[in-house]
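See the structures that follow.
The two complexes that follow have subunit A in common; it is paired with subunit B in the first and with subunit C in the second.
Entry: the complex of A and B
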């Protein structure tokens, strides 16, 4: 079985390359964040470990790092919450109720998800300015919910469609209303789907950049990706140690969610894009 | 025709209504507003004026606009095939009975999961001229004799963006293709093995034909996504040097930032139309094929 041997060697090499490709930048980020100067590669072997980058990022009030992180967590959690509820209602209507033009709505929503963000942001800025929402959480939560709804709807429709009709028929005979069936039958049975939509919505909102850049002004509502993107040194030299320490802390929530719940994320992504 | 009672219809509309309202107010109205605005001279602190196609006429003579189109198309043509090929290789590996499969899948997901603004910053440091990892590796591995001016030269900046984007989005392609691969019945492979075909023949005769619909979906998804690239160019190169890596989204954003909403809108309408055509193609090819069955 020379072919089998050869194949397993190739696969082993592939696995190693895959891990190197994916993780090297992360390791580099952590190394820089833990070294006292970012140029340790030029004087190899002389890396000087210190936590001063983490300390200065977390303690310096003027950097507002904690504010950005808090804003991001609140905005992403709120967006994910509303997204699941609203997409859940919609998916229930599409899979269970007598909604005319279901397919049309699904394809319309799919088309919406392909719109470039830039074709919204100019008008959104004017709209948010006119109602005084610029630099508030609302300015981001509402567009995020609308933005993530199409994908959430598609994922939930695929989950809801698999639930046997008999379950909600039984509940209907027991005298439950639509809302009660959704809450007491559909949501619990489709819990994995609900969870994967929540995770994906959270990650998408947490990572969003353009809206956050345009619709926030300062630490009152600015999110962490924008905070880190605009992080500049006071005296010209870019404080790479601080930026990498900040980045390392900022990615902890999404990295943990990804590692722990990878199967839910993979499920959601595949259902949202190919399984329909 | 199905027949439904009024109360049934009312309930079904009530459940879909919040979703429709959100999309109407925060997606459709903004797109419509942008479209209307592209026919106006609309600059902050100036009188708004209807000018019909003036903005579009100006676009036709704007060499920076053509530059942005050229960069965006080049970026799609280079990065998307790389992502598909690399994603396919990763998916083929992960589809085998490899050890630590969960660990490998988590590794693949991580670059995708972090904000692209943050990975942009990370790659900015990696491509640092004096002490970045890229130049360190290039010199150690003998790829280059001296440090490469990654972000300071047009070609270097372009390659830098492609590399950072491939790192970030290959995971997505991998996941999609992996789902496609795992749905291919294993019997087909054992049958092909019995028939005495080798690995490459099986890939050519079994894997590729069955994976084709999923490949098309991944390809179109990535194309539409690459078309609207913004975060990475904003953070990594700021569109430079000298506008060499300014994408259509970034070019439009610059006008919004400067308060010129009319011209910025015209640029984004062009981008919107291209994306819309592509997404119609995608829906026709990808979805109807599956839902029709």
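Entry: the complex of A and C
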């Protein structure tokens, strides 16, 4: 009994420490963004609350914050969508077809993904310039999909492999074609995996900085992380209030998505499908 | 629908060589028949169902549904499951976990783009037939094993299949539920009149359900017959041991010919074999053979004039109304079922055989 109590106390302390550790910078960001005279290390007591930073970020035409937000949302959503489709098809064939050397394919894909981003960006810039895609959405969507695909493939392979083959067979008997099996059985049954992959790709694309910095030029395709980082260039001084307010707004879509999807992600996969 | 398998063979190739899962099977199943495939684990029962369903391609041989060739290795014919219109209940049920019971049952109809109204009616009809009408809104995760199994059956019968394939559908149920479902299944099949192939490794199930039974071993058919035929005239010791519970007693003996009759020696007693066995005995390759007698055909302390042997009871298992005795006669050990009486361990009893009930088999290695 005492041991149980002790355990739960330890777990509680651990959780609280972890949450405090993770959330302090976040809270600090929110505080600064609400301050009327923001400075990098303002003492907490001196903050006067106001929404003027938010107002200026959202209304100032020269900051293009709304454009960045729109670009980010479109690019991230498109990257997540293509990533799920391609990784889904790949995982389906790897887990369902009698491919010789499928493990080899998987490990090759993993190996390719281990290049550091910086080693590719120079070539990528040349490539995108030569086909004239610099400063378009495609310039970012393509590398993002390629970049997140290996991880997505691995995640989906592990999910699809857990789905019993008897489900495929049952669907075949019930009259499905291969496509219908994928659409009506595999994808819905592996929904937690699909949601995880969508969310991961979305967050990756939403936060990515280096590709976005190199491959975009202005507000036509620039994404939020780069946009916020370049706030300072516009004014000479570092506009902490705008930066913090922008960051706070930028967090909202990701937090919303996570809250919406998390209940799907933690659901059991094939509970009740087969006996046992 | 009448089903015909011709020289059907399936060979699986793996890293460690190849396995003949189904080996040269010839079989004809009549329209509306309840046919059982019976055999030990790994003898190729599921593979045979998969071949019939169109989930596997035969290595050799042909499958005919009535006059339609649905699979042939040599003629390169292979109809996918969709076009064979078979329904299957899987060893593992294989319900769709993301769909409600209603949608699970409706699934094959939806794939065929059936009208919504008709789907509703059909699902409700089979649901009430299988007494799962109250479960239609639930997901498979919220069902018991027996309920899941009913849903799997409902999904199979909701459309009118050509052939109904059942792969050990009762193996996950407790003994009581299994017995009651067995009866329902048999009635259901009678009412629907659909040709049914039922796979099991449980001989009690096979005997209770099948119009005919095929006993399989290592991918081959050992014997086909009605339950009675298999019980009365097993062709070899494998079938003899597999059919009947507890299994038939088998022991080695040599047959002697004396004054126009055949005899075997058990203990130190000669037992005359009936004359109608003569033909069978003449066909044996050697005079050493296996003699079989079922436990229920051994009589303890018989009152009639039968010849008896002295045997010692080595252990006693009460079975309710009857009692199962383990008896040793000389070298040989027997089991016998007899009505309950007072027996003691190590008691010496008189043991009588009905010679008519004795089976004679070739010795196999």
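Everything that follows uses one rule, which is that the second predicted complex is superposed on the first by the 225 of 276 C-alpha atoms of A that agree within 3 Å, B and C clash if a C-alpha of one lies under 4 Å from a C-alpha of the other, contacts with A are read in each partner's own complex, and residues count from 1 in each chain.
In this section, contacts are C-beta pairs under 8 Å (C-beta built on N, C-alpha and C of every residue); 3 or more make two chains touch, one makes a residue touch a chain.
Being a predicted model, the structure only gives us computed values, none of them experimental.
Colleague: A:180 in the overlay: touching subunit B, subunit C, both, or neither? Say first, second, both or neither.
Modeller: A:180 sits against subunit C, while subunit B stays out of touch.
Colleague: Just checking: does A:131 make contact with subunit B only, subunit C only, both, or neither of them? Give me first, second, both or neither.
Modeller: In the superposition, A:131 contacts neither subunit B nor subunit C.
Colleague: For A:252, is the partner it touches subunit B (first), subunit C (second), both, or none of the two (neither)?
Modeller: A:252 contacts neither subunit B nor subunit C.
Colleague: Regarding the shared-chain residue A:166, is it in contact with subunit B (first), subunit C (second), both, or neither?
Modeller: second
Colleague: As a test of reading the superposition: which chain, subunit B or subunit C, is in touch with more residues of subunit A?
Modeller: B
Colleague: A:188 in the overlay: touching subunit B, subunit C, both, or neither? Say first, second, both or neither.
Modeller: A:188 sits against subunit C, while subunit B stays out of touch.
Colleague: Regarding the shared-chain residue A:109, is it in contact with subunit B (first), subunit C (second), both, or neither?
Modeller: A:109 sits against subunit B, while subunit C stays out of touch.
Colleague: Which subunit A residues contact subunit B in one complex and subunit C in the other?
Modeller: The answer is residues 269-270, 273-276 of subunit A.
Colleague: Using the touch definition from the top, list the residues of subunit B that touch subunit A in their complex.
Modeller: 2, 4, 8-9, 11-13, 15-16, 18-19, 22-23, 25-31, 33-34, 37, 89-90, 93, 96, 98, 100, 102, 104-111, 113-123, 125-126, 128, 130-133, 136, 167, 171-172, 175-176, 178-180, 198-199, 214, 217, 221, 224, 227-228, 230-231, 234-235, 248-249, 252-253, 256-257, 261, 264-265, 268-269, 271-272, 275-276, 278-280, 282-283, 286-287, 290-291
Colleague: State the interface residues of subunit A toward subunit B in the complex, per the touch definition above.
Modeller: Interface residues on subunit A, with respect to subunit B: 3, 7, 11, 14-15, 18-19, 21-26, 28-29, 32, 38-42, 86-87, 89-90, 92-94, 97-100, 103, 105, 107, 109-112, 114-127, 142-143, 145-147, 149-150, 153, 178, 203, 206-210, 213-214, 224-226, 228-229, 231, 240, 243-244, 247, 250-251, 254-255, 257-259, 262, 265-266, 269-270, 273-276.
Colleague: Help me check something: in the complex, which residues belonging to subunit A touch subunit C?
Modeller: 164, 166-167, 169-177, 180, 184-185, 188-189, 191, 268-276
Colleague: Going by the contact rule set out above, which residues of subunit C touch subunit A in the complex?
Modeller: Checking each residue of subunit C against subunit A gives 50, 53-55, 80-82, 86-88, 90-98, 107-108, 111-112, 139-143, 145, 148, 155, 172.
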